[in-house]
Amino acid sequence: MTVFYFAGALFLLANVVVALARVLRGPTAADRMLSGELMGTTAVAVLLLLYGATGIEAIIDVALVFAILAAMAVVTFVRRTWPEDPAVDNEREQT
Amino acid sequence: MSLPPGTLFLLASALLFAIGAHGLVTCRHLLRKVLALNVAMTGVFLLLVTLGRSGTTVDPVPHAMVLTGIVVALSTTAVALGLIVRLERRRP
Amino acid sequence: MSTIAGAILIVLGLLFFLSGTLGLLRFPDVFTRLHALSKADTLALGLVCAGLALHADDGTLQLKLLLIWLLVIVSGATCSSLIARAALAHGIRPWQR
Amino acid sequence: MHPAEALFDALLLLSMVVLAWQGVHARNMFRAVVSFMMFGLLTAVAWVRLEAPDIALAEAALGAGLTGALLLATLGRLKPERRGARLQRAAKLSMLPWLALGLAGTMTLLAVTLALPAPGLGERVLSAMPEAGVDSPVTAVLLNFRAWDTLLEIAVMLLAVIAIWSLGQDVLASTSRLPAPSLPALVRLLFPLLVLSTFYLLWRGGHGPGGAFPAGALLAAGLVLALLAGARVPERMTGAPLRCALAAGLLAFIIIAVGVMAEGGVFFAYPPRHAPMLIAIVEIAAGLSIGVMLTALFLGGEPTDTQGGST
């Protein structure tokens, strides 16, 4: 069963590494942020599977902290980074 | 493979430290320097904890040191970012 | 029995993660990609949580898994709405065939 | 170790290295910041792999949550980087990459050499645990055996807040005027949960992974989310009450450290029968104080009275 969990975690990690291409390609800042959000959700799932593999209960708490703070990055991004930042807007042509 | 456990982590920590140190020296933008510093710090933290695992029992002292280090890293980052924002406003 | 059922649920969840990535990479604009991403947030993570809850035999643990899932759903929904509004305000037009 | 496990570690570390490189050298700054935040997420997973759940908790709350928010807020205040100005002019040709590589090699060698004999302090900590007053070894080290370090660390945080306040007003505080109707609802839901989990982690800290740092970070995350949703620091709080909250952790620490000298004559030597209570007091005061200090760091300056209002 441990092997099953590790294989699942490996699959998820490989999956999110592929999704990193969206960070590289953009084109807008929002697209990059989406990729970050997928990474956050995947990290929660990876932690859950690692819990299944190892049985260390504190891992669930780590996943819980991730889940609570999942919105933090996007909220900061929408409220503080994107509205008035020309640097983020200009990049659409750059990349 | 007959690599001792943790070799990968040691290697990664050295690489992270190198990336951070290299970026700290070569990058021009101050925000990039701050990011590089944080990467280098993560490398050092990884090294500490990985070495702490090599004993017979899990050594809690490096864990406590790294916990302290993470908070200090955040404090320095915050001060540096505050300074950077001020510097940008001064420059034309 | 519940072991197998849990494993099936987890595998299904992993497949939905894959579909989320595919959507993120292949869809044409921010809004459609949001649509793909929310599948990973809700359905995929939900299936993984449900699978693990079947494997666990501890009530507290199952409660925590449920809480994690609900939190990610709520955050995901809010973030999708925030990003979509911000993207519209920045003049990104939804893709049309 | 099963191949799947080893492969997982290898892929995890490889993507961490790639993301770290992206985080420093990505072509535009926003991409760098997003890569760095993802790097933080993976670092937390790496701590779990190293069987350090305490650090994973702190990294999840601080590294992945607050640092990312701080960087994004700062990025919104900076002018765009000039194109092609990423590297120092001299660096383009110099030997610096090789220097860094040499450093890395030295560090690896050093690590390998150090890894051979491994005395460590694990056994000494274990043998002293009965007198620690808590069940979690990491908390015992942080708040009892090496409480000095933690005291000074909280002093460093307070100094950081003072340094930022001395720079002027809160430059990071302004918020966009885009309508975000779902945001207050989210914050109203998350804020009580964050406060609840703060206390959960403070309580957990006594006998398992948890404790003042991740707890404080979660409290700070709640306050920062409230600020992002448009809540203001109430005017009557910005003066003395805020300053008291900022200093409370350090004060409690010093009072207890000096207070126990009455019994044993040694700085920070808790008498074993009072140790659990004293540690609990220190932990709660430090946790709440750390939360307020982290929020103060996020504002990037002294809260101004002009933005007064109510939360």
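Chains here go by letter, A, B, C and D, matching the order in which they are written, and residues are numbered from 1 within each.
Here, contacts are C-beta pairs under 8 Å (C-beta built on N, C-alpha and C of every residue); 3 or more make two chains touch, one makes a residue touch a chain.
If you're wondering where the values come from, they're calculated on a predicted model, not measured in any experiment.
Across A-C and B-D, the chain pair carrying more C-beta contacts is B-D.
Averaging Cα atoms per chain gives one point for each, and the point farthest from that of chain D is the centre of C. For the pair chain B and chain D, the distance between mean C-alpha positions equals 13 Å.
Centre-to-centre spacing of chain A and chain B amounts to 20 Å, using the average Cα coordinate of each chain. Spacing of chain C relative to chain D, judged by their CA centroids, is 28 angstrom. Annotation for chain C: residues touching 2 or more other chains are 71, 74-75, 78, 82, 85-86.
With touch defined as above, residues shared between interfaces to two or more other chains in chain D number as follows: 29, 51, 54, 66, 75, 78-79, 81, 172, 178, 180, 183, 186, 190, 193.
Within chain B, not a single residue touches two or more of the remaining chains.
Annotation, chain-chain contacts: A-C, A-D, B-D, C-D (touch as defined at the top).
Of all residues in chain C, those touching chain D in their complex are 71, 74-75, 77-78, 81-82, 85-86, 89.
Chain contact summary for the complex, chain D toward chain B: residues 1, 6, 9-10, 13, 16-17, 20-21, 23-25, 29, 32-33, 36, 39, 43, 46-47, 50-52, 54-55, 58-59, 62-63, 66-67, 70-71, 74-75, 77-79, 81, 85-88, 91, 96-97, 99-101, 103-105, 107-108, 111-112, 114-115, 118-123, 125-126, 137-138, 140-142, 146, 149-150, 153, 156-157, 159-160, 163-164, 167-168, 171-172, 211, 213, 290, 294, 297-298, 300-301. Those residues of chain A that touch chain D in the complex are listed here as 2-3, 6-7, 9-10, 13-14, 17, 20, 23-24, 26, 29, 32-33, 35-36, 39-40, 43, 46-47, 50, 53, 56-59, 61-62, 64-66, 68-69, 71-73, 75-88, 90-91, 94-95.
Partner chain A is touched in their complex by these residues of chain D: 2, 4-5, 7-8, 11-12, 15, 18-19, 22, 27-31, 34-35, 37-38, 41-42, 44-45, 48-49, 51, 53-54, 56-57, 60-61, 64-66, 68-69, 72-73, 75-76, 78-81, 83, 172, 175-178, 180, 183, 186, 190, 193-194, 197, 201, 204, 208-210, 214, 218, 221, 224-225, 228-229.
Within the complex formed with chain D, the residues of chain B that make contact are 1, 4-6, 8-23, 25-29, 31-32, 35-36, 38-39, 42, 45-47, 49-61, 63-68, 70-72, 74-79, 81-86, 88-89.
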